[in-house]
Each structure stands twice: as C-alpha cells, then as structure tokens.
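What follows is a set of notes on a single structure, which appears directly below.
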Amino acid sequence: MGFFSKIFTWWDGATIGTSLWSALNGEQVGTDLAGNRYFRAKKRVKAGQPFAGSERRWVIYAGANDASNVPAEWHGWLHGSVDGVPESRLPPPRVWEADHTPNATGTATAYRPQGALERGGRRAAASGDYEAWSPDA
Amino acid sequence: MADRAPHPDTLELRERWGSFAWTPANAEEAKKIVARYPEGRQRSAVMPLLFLAQYQVGAETNTQGWLPIPVIEFVARELDMPVIRVLEVATFYTMYNIAPVGRFHVQVCGTTPCMLRGSDDLLAACKKRGMAKGHTTDDGLWTLTEVECMGNCASAPMVQINDANYEDLTPERLDHVLDELAAGRFPKEGTQDPARHTVEPVGEPTNLAAMMTENHDYRGEW
Amino acid sequence: MPKVTIDGEQIEVPDGATVLQACELAGKEIPRFCYHERLSIAGNCRMCLVEVKPGPPKPQASCALPAAEGQEIRTDSQMVKLAREGVMEFLLINHPLDCPICDQGGECDLQDQSVAYGRGGTRYYENKRAVTEKYMGPLIKTVMTRCIHCTRCVRFSEEIAGVDEIGALYRGESMQITTYLEKAAAHELSANVIDLCPVGALTSRPYAFEARPWELKKTLSIDVSDAVGANIRLDSRGREVLRALPRINDDVNEEWLSDKGRYMVDGLTRRRLDKVWIRKGGKLQAATWLDAFAAIKRAKPGASIAAIAGDVVDCETMFAAKTLLGAMGSTLLEGRQTGMSYPTGNLAAVNFNSTLAGIETADAILIVGSHVRWEAPLVNVRLRKAVKRGAKVFVVGPHWETTFPAEFLGDDAAVVHELPGHVTEALAKAERPAVIVGGAGLAAGVLDAALALDVQRDGWNGFNVLHMAASRMGGLMLGFAQKGGIADIARAEPKVVLALGADEVDWSQFAGSLKVYIGHHGDKGAHAADIILPAAAYSEKDGTYVNTEGRVQFAEKAVFAPGDAREDWTILRALADAFGVRVGFDSLAELQAKMISEVPALGVEGLASYGKLPKAGKTKAKGAIRYPIQDFYLTNPIARASVVMQRCSAELLHGEDLAEAAE
C-alpha cells in the first residue's frame, strides 16, 4: 500500500492517525485468521466520560473496512460481551465448523437463487409454460 | 374383520389353482343348484356355488377349504358374471375363507351370550396353544377366528371347528376336544356337558315347571 | 298424477316420481350423496331423509320412496333437521379432515353439505378408519380413506359404461371400493367416476394438486376429440388450460365425456408450433411472418391452390380458407384426409339422422364398419341404453369388445348385400330400425347398400353415418369435398396446398406442391410441410363445430395461443393481402356474418336440416372392413402430444406396467 493512499484514504485498514494512536495508547491482543488485528486501550475510560471505567476495544482490518470481516468469536469480544480473548474461553474449533466469510452482498460472489440469470435462470414451472415444437424433434 | 384380505394373486397360486374344475360329483351338484333358479337369474347361484367350490378346495387340501382368486374366477365363468361381483360376495360373507386355513378352522363365538358364559376363557385357551386370531399355526393344524353369533346361545359358549359345533364349553372341555382332533379322532359334536343331552334345561326345568305333567293354564297367574 | 303437499304447498307430480323429485319440483333442496339422476337408486347414504305422512313416524329416504297421492312431506321440520345432522355426523366419523390437501376442496358435495346441513362441532374422539390407496389406472387418483360408500362409481361402471370392474369389497366399516385386483380402469369413460364422486376419494390424477376450482376461468367449449361434439367446460388459469369437464347436454353427451376429450388438454402445451418455419435446403428453419408470406407469394399459385382441412378445425377456419381460395379462383377444397370419396351431394346421406338421443329408442340396430366404442364412446353409451331397452344389435366388421350383447355378422363389407334372414327380419319388424355406417364402412363403399335398407318409419329416420372428425360435417356443409376425394386434388397438381391442421394426409402425393401447414401442433403435417404458419388450437379461438348428427355448436376461446401463433382466420386474412385478393372480412364477426349468409344453418345453434334421404345408388360394397383407429388414445395431434394420453395408450392398450414408475 502506497504512502499517499495511506494518507488520503480511510477505507482500507487504519489511517495514519489511527495507527499512531493504536501504537501509543493501545496494545494488540490478537489477530484472527483473516489477519485483522484487535486492540484494547492501555487505560480505562476516565471517570466523568461516557462508559467510564470500561475498556476500549477496536479492530484494524486487514483489508477493506467492512465490519462483517470480524468473525463471530471476535465480534463478541469487540462488543464487550465477554472479557477474555476468544482463545482463552472458547473450545478448540470442531472439524465441522466452517471458516468465517464476510458478507458477500454486492460482490460477484454474492448468493443468487437458481432462478437468477447469473445462475442460469432456471425458474420453476409456471402456468402458461409450453413446450415448443422444433423440426429436429 | 378388517384384516381379511384375499390371498395375493401370485404365479404360484395361478399354477396351483388355475386349472380348477368341478369334480364329476360336484359338477352334477352345481348343475342342480343352478337349475333351482329361474331362467336368466342363474347368477343367484353364486353363493351355493362358492360354497361348493370352497368345499372342493377343502377336500383337495384336507381343510375346511378356501377360495383362491383363480377359483373365484372359475365360479364367475361358470355363471357368466363379472369377477368383481363374485369377489364382492366372497369378501362380504365371512364364512367364505378368502385366505388359506389350517386343518381345523376354530371359530370361537364372541357374541354377547357366549361372552357372558366365558368365551374369553376359550380364546385364552386357544391362544395358549399358539393360535392367534386370523392366523394359522406354523404346523398348519389350527386357524383361529372369532366369529359372531352362531345361534347356539342356549348352550353357550360354543366353538365351531370346521363344520362341527362344540357347545357348553369350558377351557378344559375345549382342550379335550382340541386334543382329540389333533390326535386324529373326532369327539362327539354338540354339547360337551355330560349332564346334558341337547339344549334341554340343566337339571330340573326352572320355567313352566307345571307344564311338565299337564297342559297347565298359566293365564290366571299373570 | 299424484297430488302431494310439500312444506304446506300442494303440487302435482308426474306418475312414478320419487319424493325427492317431487321436492325438487317444489323448489326444495334435498341434500344427497348416493342419488344421481342418471344412475339407479341405491338409497345407502341416507342424506335425503324427509318426513312423510302417512307412514312410519320416522324420517324416510326420499330418493327411494315413490310419491303417492295425498302425501304430506316436510323438508323443514325439526325431525328432518336432526336427521340430516345425524347422518352428516355419521358420514364425517370416518371422513378425514384433510380438505386443505384434498383436490376436491371447493367443489366437494360433502364440504358444501356439511356446511349447510351439518352440526357445528364434533363429538367423536375415537380413532378414524383408514383405507389403503387403490390403483385405478393413470387417470384416477384414489384416496380411499375419504370414501363415503355412495357406490356411484360402482353403479356408473356397471350401468353406463357396461364394464364391470369397480366393486365394493368387504362389509360394514371395512367396506372398500376397488377395481378387481386393483387393475387399471380400462375403458373410454373411466374418468367420469371422478365427476360422480361426491367427495375426494376419486380425483383426477393428471390434475392432482394443480389448482383450486375458484382460481380457474371457466370457458364453454366443444370437445373436438371425436365427432360427437360433447359439450365441455375448459378450466384455465393464466395461459394454460388445466382441465376439461363435461357440461350437461341431454341431446349430445348427457353429462359424460370420453377420457380422450377430458385428458388430451395437457397436449395443448406440448409440441406447440409457436413460430414460423420455412424449409430451406430441405431443412426447416425459423423465419418471420413476412418471409413466409413472401415465399408463398413467390410460388405464384393463381388459381392453382388447394386447401385440405384437418380433423379438429372449426368452420370459421375452413370458411376463411374457402373464401381465400374462391377469391383466387379455386375450389380445390377437401376435408376427408384419408382419401374417402363418398358422394356428398345430399348431406342427409352422411348424417346421423336418428340423432344421438334418438338412437336410444331404436329397437334394431345394424352397425356397419364402426368400432363405436373407440370412434364415439358416448354413442356407445346410447347403444347400451338402447340394448337395455330391448334393442338387438348386429355388427358387420371385425370383432370388438362390445359393452352390450351384439351379434357379429362377418368382416367383409359384402355382407350388407346379403344380410342373414334373422337380421333382415329384425330390421323389417322393428318399429324404429337403425343402421349406423362408420368410417370403415364408408371406406368400403357400403353407403349405397345401407341406403337401400328400409330404416325409415313415420317420424323416424334410422339412417346414420358416424363420423370420427369434429370438423367433418361442418366441412361438408362448407363444401370441403371433391367428387373423387383427395385424389382429385392430387390430380390437379396445385402449386400451393394449404394444410389446415391436416395431419393424416399422405403428403407424398403432393410432392410438387408448396405445402403450407397452418396448424397448432408439430405432428405429421408439420414434418411434411414446406412452410409452417403457427395457428390456434380449439381452446384458443372462437369457433363453430358441427357434430355427426348435424348439430351446430359454438365453442369459446379460453386462452391465447402461445408465442407467435395467431388465430387461423387472421393468418388466412393476411395471406389474402399477400396475394392481393379481397376476401371481404376484417374481423371474426364479419367472417361469421359472411359464413352465415352463405350457409345459414351454421348460424343457428341446434340441428341443421339436410332434407330427405337420397335414393340408393348402385355401388357395391366389397372388401374386408378395417377400422381406421388403431389406438383410441392417440387419434389427433393434440392427443398424440399429450403425455397423459401416451401413458394411457402404453398402459391400457399395450399393457405396459407403468404403475410402479409413476408413484
């Protein structure tokens, strides 16, 4: 990623400001499979401010700033539902657990039902359908 | 009754019974039966002919007899009527066996008078010998059916085995009858109560006792 | 004429009427399940209970009770109300509450009557009876748990169809309706039991779970599967005809319909011609209407143009073709595709003169070369009725399975000239003798010999010709006949032949002509054609049809033709523009007005009058009679395209065991 794009864009990863702030005031607690890095503030929120006494937690995405990149186990941690990081409290992943995939809506890999033209447009039979004759038949 | 169903129409069945025809004696009998009915109403003979056919099958298989599908079709041909009409008759009357029966068809009456006099015990006695309602035992000896009133209420409870009635039964007396039959002997038909000859009152008459000696006029006592 | 009092109102009823009929006359509705006007009285559903005085002090079954002088009948008393509720409660004891998944829902007698006459709730908490499904063939779907044992189906197959195959086995609660050994019901009218069934026990298998009756558009139409012209109702949703049901017309089909007429409708959505095709280099290629018209114009037919009408076209189409050809200066019209050439100068000689209803009253019937059961199943029903009244039936032609006692006299057509003594005697002595000449008979040339038979009495004309094509009588009235039949047209070597849905023609005799097929199904005709113009089937256009007894009937348009297909007359009208000739109509109404002005009989619904029978000619009948129908279920392009008809043919006629595969 070029230096200038780092300065002028905000939609991929962290801006320079965020990176700096994270380095100074935060400590990294872990990364997930996609490479997203999870931080928490070194100090608790000061008294007199909203959420006083709680811990600030944030994520720096490995790619696009798309909240659905966060897998379920880190989602809980980020939102303060749990105290410890996922590794500390979750059982080891089962073989049948699928890897997390971000929401694909709006992308080429979005789910489309079989009636959609991108999937071949095979729709269910409807009243008025007919089978046309062709001389080869 | 609901479990009554015609024996499946299989190739083996066709092979065994497909060539069914009257024996000379039965052919004569069938002719006599059909002749009872007026011209154009020969179909009325369907019930006696089905019985005759059942007896003939019985004679061939040494049982009470039953009606395989090809035999039903034979009767239909004899009377020139649609098979479905004959099958309707054969399935309507439970006295026609539409599935094979064993050597002895034990028909236990379960209607009210017999039930009050202990037909449940008779059924239990039959079941003790391995019989089950609607089934033939594995040795092919017994088929058990519960039937409705056979008209022997005065000597209830009763059991009909093939064509013979055995009345005034207790489980012990029934056991005796079945043992005799299994041994190839034929016990006395009718009442099994040694104190009884037919259906006369047991011991002394209790009703109309005055009639014993004279033609007593009861009218004044009503 | 007994006088009875019904709910305090005195009316006079005909002799022999039942109490139920008397109540109907008085305008009272009597609920019923087993009673049916056209079947024998069974009296086993007990739904029609009414209170009758004098008589026992209990409700009586009105369907089986003769109306007698002085009866006081009440249909509105408390006793009657309670009796109906009681009967309904008993019927519902063993009837499943599966209306939401039942195809009869919405047109179910039990549903309607339980709403009208039943109790509000149930008092029955025991287990219900269940009955195993029975296989009744490819057309009838059974859910026998729903059966209420009205025995209408049993009585129909025994009395009307004459094929004893449905029966009631076992007794009491265990009673079950079934075909013998669960074989398929294999006769031409089997599906009528579906209409008769008052509940959802017998429903239509091809129509299973397709639609609800209230979402269907009902269109009055005419059946084109044979020449009887049965009155039908086409039920359609959107652009698809989902089913055909018979309408009541006592003069034509009573209330029955042949299985073919009922179930070929699924053929209307298969093998459809939906675009224009032009043969280029020996191969048909998709094209546009303009290309096709240009190609036809290039043939420059002038007066050398012919039209051959198929078996299922309407009079309007034939008249449009006739007008077009007339404008071009041609009269090469023919409708008898297979090459028959009987004289058509007097249409009375090729008409079913006794009328379909009248043949019931005949007392001696000679059938010459007609497999009536296959060529016109509904006429067969009438013949069976006639025989039940005491008629004698003789048949000249190969043996077929009759549903009534009949004597077969021989296969050779020449038998008509020297009928056995007892046959001539029976015909001579009969008060209403009839002869029925079928298509095979016409082909063997028996027309003159049959005309020579004396079958006319005062007020009775027993000379009948039984056609097989719905378009035949209409075509003959419009002049679609050459003296020498189709051979005359072949001899004229027309440059252009218009095939109006003609699929039975031997096209090799028109090798030099430009064959333009105007039709709706890709069948034999389309494969032989040089240019295909897609047209509308009988369900897709308003049309006039004339049945074999000369009865003019109108059919209405139920749905639109698929794709590029157009109504036939518009195609012929456009062709006129392409040729630069005037036909004098721009709308269907104008066409019909013109047609009626030329052939006035086509404008009046009902029997057309053809006048007196001609004198018999001298043609000798000879040769073995061969019935033209080889397969009852596949006689026309629509039926041949129908999956249901194909399956019926395979299973019922050719004995293939498809029962398992379908489940």
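Labels for the chains are A, B and C, by order of writing; each one numbers its residues from 1.
The rule we apply is simple: a contact is a pair of C-beta atoms (placed from the backbone, for glycine too) under 8 Å apart; a residue touches a chain by one contact, two chains touch by 3 or more.
Note that the structure is predicted; figures quoted are calculated from it, not measured.
S.K.: Quickly list, by label, the chains bordering both chain A and chain C.
M.R.: Chains touching both chain A and chain C: none.
S.K.: Quick check for the class: compute each chain's Cα centroid; which one is farthest from the centroid of chain A?
M.R.: Greatest centre separation from chain A goes to chain B.
S.K.: For chain A and chain C, what's the span in angstrom between their mean Cα positions?
M.R.: For chain A versus chain C, the centre distance works out to 67 Å.
S.K.: How big is the gap, in whole Å, between where the Cα atoms of chain B centre and where those of chain C centre?
M.R.: Spacing between the chain centres: roughly 51 Å.
S.K.: Could you grab the centroid distance between chain A and chain B? Build each centroid from C-alpha atoms only and quote it in angstrom.
M.R.: 82
S.K.: Return the residues of chain A touching two or more other chains; collapse runs of consecutive numbers into ranges.
M.R.: none
S.K.: Using the touch rule from the top, collect the residues of chain A that touch chain C in their complex.
M.R.: 126-135, 137
S.K.: Taking the complex as given, what residues does chain B use to touch chain C?
M.R.: My answer: residues 1-2, 4, 9, 69, 82-85, 87-88, 91-92.
S.K.: Which stretch or stretches of chain C touch chain B in the complex?
M.R.: Per the stated touch rule, the residues are 164-174, 179-181.
S.K.: Residues of chain C touching chain A in their complex?
M.R.: Checking each residue of chain C against chain A gives 237-240, 242, 268-275, 277, 283-284, 521-522, 526-527, 559, 562-563.
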